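Once you scroll down, you'll see the structures, which are given as structure tokens.
Next come two complexes, and both contain subunit A; in the first it sits with subunit B, in the second with subunit C.
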Partner chain A sequence: MSKRLKHRLRSVAVVAALLILPQVVQERYFLHIVVMAGIYTIMTMSWNLLAGYSGQLNLGHAAFFGIGAYSSALLAMKLGVSPWFGLLGGGVIAGFFGFLLGFPALRLSGPYLAITTIGFAEILRLVAVNWVDLTRGSLGLSGIPLLTPIRLGSWGMEFYFERDYYYVVLAAVVFTYFCMLRFTHSEFGVSLQALRDDEQGAQSIGIHTSQYKLAVFTISAFFAGMAGGLFAHFTRLVSPDTMSLHVTFDTLTMTMIGGLGTTAGPILGAVLLSLLSEWLRTLEDFFRMDIRLVLYGFLLILTIRFMREGLVGVVRALKEGFSSYGKGRNAGGDHD
Partner chain B sequence: MESLFLQQTLNGLIIGSIYSLIAIGLTMIFGVMKISNFAHGDYSMVGAYTAVFLMAWVPGWMGWVGSIIAAAAVVGILGIVTERLIFRPLIGRWTDIDIIMVSIGLFILLENLAQLFFGATPQMISDPFKGATVHIGGVSTSVLRVFCFGFSCIAIGALQIFLNRSKLGVAIRATSQNRFAAQLMGVDINLIYTLTFWVGAALAGVAGVLYGTTFAVHPLMGAMPTLKAFVVTILGGMGNIRGAIFGGFILGIAESLGGNYLAMEYQHAIGFFIIILVLLLRPRGLFGAKEGT
Partner chain C sequence: MAKAGTPVAIMTEILKIENLTKYFGGLCAVDSVSFSLDEKVIMGLIGPNGAGKTTLVNMISGAIPPNHGRILFNGTDIAGHKAHAINNRGIARTFQVVRIFSKLTALENVMAGLVDRRQKGPWRLAFASLVGGFGKQSQNPENRAAAEGLLELVGIGGYRDELAENLPYALTKRLEIARALATRPKLLLLDEPSSGLNPAELVDQIALIREINKQGITILIIEHVMKVIMDISDRLVVIHYGKKIADGKPEAVYTDPNVVEAYLGGESHAAR
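The block that comes next holds the complex of A and B.
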């Protein structure tokens, strides 16, 4: 029971710290980075559900992000839909595309699925580049409206400041986190893992693998689309680059380094790498170059080579090391 | 009208030969080691930069031919190094996801290292034939492209002879068909792994020089050949070398004709449309090998 209490206390402390953060650190640039980290967290969590829990190697995740961003922006700009509904709309439209992409996944796996999903994202990116009437092509959509203000008596959020977006994105991250937790710690999640580990075996015990695949693609795409919508209304600029391979690669690098197939991994990876890459930017004068992505590639290779469960695995190993250290055994591992 | 068709077909054949050259290495590596290497196109990028540097030193066609050989050597070594340092340690415990992720890591690493060392601005490899063109019938093309086509065909032909006639070549094919049986027959499997990576990377390096001379050289140029090579490889059936050769030509011609008659803007997506169709109808590729994955 005390363990559970400790766990609860820790959660409360984390949430409290997150809630006061913008009151303590008011630097807008920093908050901008934190908001972007939050948006990426939603991306990594949704990708992790697909790749980590169900073993579906989707390399077209950026497409869902882009679809969400464009849909949400266009709903607000062309149809005058409130951005709040636009966020939801972007998620739903992305979810629909996720459902469609689920069909090839019924028959394909491994490199075949990887290439098909890349192809899906590349085709959509080219559509965004070439459908100039709707998307303004490579220029991208600019002047996307801010989220509409909320007023409750004297209290209100205006969305002129990063701080207000911070709370919205924080809410979205927490919402996504609990949804993922529900999904993965339920019969649904267990079935997904069975599907990942042994598809035929899963079928033989009566799991409708095709329904599960379609469902997990739809769900994952919905959240990625929502992240795209948040991105659109936050940065107010959406270009076809939102669907480029690099967005997918950033997402998967963060997830892998954090820990694929773990609950905390995607969050840890997205937040730490976002902050790390900003810190590296300040060192740019020292190195005279942008070494951010070099480091990403390097860390990704190291992660797969030495720590398959990413940072979460390292933390776990360290904990075990410390506890066994007390019993007089050799502490730590050779993890860096 | 007819000459336009012929012209586009010719262009497609030429670019297709380069695609084949890149894809052969990818499909060989997949066949032998079951590795889907997403960094394969970056071997071409490194090959292209080898040419940029060598030709700054020795210009003209001598430099160009020299840089094709140099690219094969440099990138061949890079292939062996990446195999030893990155792929080999994972042998025996990898899943599809691990392998693809580690190769994506390598892709990101090579791409950005190139950006650090060579700068982001695109560079041109100057045409060793000074823009000379040839006319055959109603079609015309540059001498450079004729040579690109020629070199690709020679490299592909040489590889075919190597694979079919030499003992090592047969060992590679045997390993690709059945690793354990090959091992039982006394094939040194580790040597075959290294050899496959060496040959595959060197071919991609040569193709990189040809590709870079036809287009431009920049650090991010590797992504396109990687994707094209994967399209070709899937088209021909992964692990199927002959399939990769035909697949390359098919993709080259389809892009060229499709870009001309259907939609120029979507030229680079044509390959993806084709493989999505192919995978839905024939999941093992057009020249479907019986066993894949």
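The block that comes next holds the complex of A and C.
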């Protein structure tokens, strides 16, 4: 009970700190980075559900991000749909594409699935480049509308500044986190992990693995699409680059370094690497190259080689180390 | 007990296999095998290595489709049905080489089996996980208790929170039995559950299989260890090069000249 209370209190403290952050640090550039980190957090959490919990190595996640970004931008620009519904619409459309990408996953796995999903994203990127009438090609869509103001009686909120978007993205991150927590810690999540660990074993206990794969591809794509929509209305510029492999690679790197298949890993990875890569950018002039990628690659190798559960694994090991150290001392005390 | 004058309960056939055949390329791994199995019986399935026993179980459980023949389970032909659908109908199995969920705990392995999958597909479970009450649903108390009960039954209750990948091999075989039982089967297929067990563990194993059978579950067991199979089978079927060569009471089958020939003539692997 007291442990649970402690847990609750800690959650409340974290949320409170996040809520007052933009009041404390008002520098817009910093808040821009934090908002982008939040958007990436939604990407990593959704990719983690697919790759970490279900074992489906999807390397086309950027496609869902891009589809969400384009859909939500175009819904607002061409059809005049409120961006708020556009966010949802972008998620739903991305979810539909996720469902479609689920079908090859029924027959393929491992590297074959990975390559197929890269191809899928690449095709969609080329569509975005070439369908100039709709997407304005490689120029991209610009002048995407801001999120429309919210009014509740006398209270209102407008969306001009990073600070305002910060709260929207924070809400989306918390919502996504809550959903992922529920998904993974339920009969649904146990079933996904079962099919990840042994597909034939899962089928032998009645798990309709094909349906689960389609469902998890759809769900994961929905959240990635929502992240794309937030990105579109925040940066107000969407280009085919949103679907390029480097977006997937960033997502993958953040998730793996944070801790694949863990609850906190994707958040930890996305936030730390986003901040780190901004800092590294300032060193670019000094190194005269993109030091970022070198470091990412290095960290990734370290993670895969030594710590499969990433930073979460490191923290866990340290905690266990401390507690067993404590126990060791206690045992010694008993001896006396 | 049946009253005097009333007929003894008629045995009902739970499984009937007709001319079941499987080719792997040119190799006929199972060659027109037929037998039927009455409810609540323990049937042993033996034969030298490579005889086709696992292939037979794979077809009954839906892991692979047969080329010919029928598999009637409670009167319905399930030949070629998908593995998950066959499990939903009430057939569960274990594997010769274990297929446990290595990154889940022993308890979670069993709980994965407990989900009522006839009623709940992924969409419904995903939705339920979002709107359900707070707290971890994978640990809802009823399921948890049931899962713990099954782990106790197979004798690994003390390992419930251990990751399956950390269990010794012999215990993973038992975990697989618990997981299979979690799906509430009417027919349980066991593929060499005793391989790698020491003599003391074999005694436990025999008791466990008897106990499962006592709960009304029909059992088809593939076994290399003769002591186990002779001890617990009500009936024994022998296959050799994919063909059925003997079928009957264990004692009768054991002395059948065809069987003796098969074991002594071929690689006499199982003739202990």
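Everything below uses one rule, namely that the second predicted complex is superposed on the first by the 318 of 336 C-alpha atoms of A that agree within 3 Å, B and C clash if a C-alpha of one lies under 4 Å from a C-alpha of the other, contacts with A are read in each partner's own complex, and residues count from 1 in each chain.
The rule is short, and it goes like this: a contact is a pair of C-beta atoms (placed from the backbone, for glycine too) under 8 Å apart; a residue touches a chain by one contact, two chains touch by 3 or more.
Every value quoted in this text rests on a predicted model; they were computed, and no experiment measured them.
S.K.: State whether A:207 touches subunit B only (first), subunit C only (second), both chains, or neither.
M.R.: The second partner, subunit C, only.
S.K.: Is A:118 contacted by the first partner subunit B, the second partner subunit C, both or neither?
M.R.: After superposing on A, A:118 lies in contact with subunit B but is clear of subunit C.
S.K.: Give one of first, second, both or neither to describe whether A:51 is in contact with subunit B, with subunit C, with both, or with none.
M.R.: So A:51 only meets subunit B here.
S.K.: Tell me which partner A:197 touches in the superposition: subunit B (first), subunit C (second), both or neither.
M.R.: It touches subunit C, and subunit B stays clear.
S.K.: Who touches more of subunit A, subunit B or subunit C?
M.R.: B
S.K.: For A:104, using the defined touch cut-off, is the partner it touches subunit B, subunit C, both, or neither? Pick first, second, both or neither.
M.R.: In the superposed model, A:104 contacts subunit B only, not subunit C.
S.K.: Once chain A of both complexes is superposed, is A:188 in touch with subunit B (first), subunit C (second), both, or neither?
M.R.: In the superposition, A:188 contacts subunit C only.
S.K.: For A:298, is the partner it touches subunit B (first), subunit C (second), both, or none of the two (neither)?
M.R.: first
S.K.: Do subunit B and subunit C touch any of the same residues on subunit A, and if so, which?
M.R.: Overlap of subunit B and subunit C footprints on subunit A: empty.
S.K.: In the complex of these two chains, what residues of subunit C are touching subunit A?
M.R.: Those in contact with subunit A are residues 61-63, 82-85, 87-88, 92-93, 95, 99-104, 108-109, 111-113, 115, 117-118, 120-123, 125-126, 128-130, 132, 136-138, 179-180, 182-183.
S.K.: Tell me, which parts of subunit B touch subunit A in their complex?
M.R.: Interface residues on the subunit B side: 30, 36, 86, 89-90, 96-98, 100-102, 104-113, 115-116, 223, 227, 230-231, 234, 238, 265-266, 268-269, 271-273, 275-276, 279-280, 283, 293.
S.K.: Tell me, which parts of subunit A touch subunit B in their complex?
M.R.: 51, 55, 57, 59, 104, 107-112, 114-116, 118-120, 122-123, 126, 129-130, 245, 249, 252-253, 256, 260, 289-291, 293-294, 296-301, 303-305, 308
S.K.: Can you list the residues on subunit A that touch subunit C in the complex?
M.R.: For subunit A paired with subunit C, touching residues are 179, 182-183, 185-191, 193-194, 196-198, 200-209, 211-212, 214-216, 219, 261.
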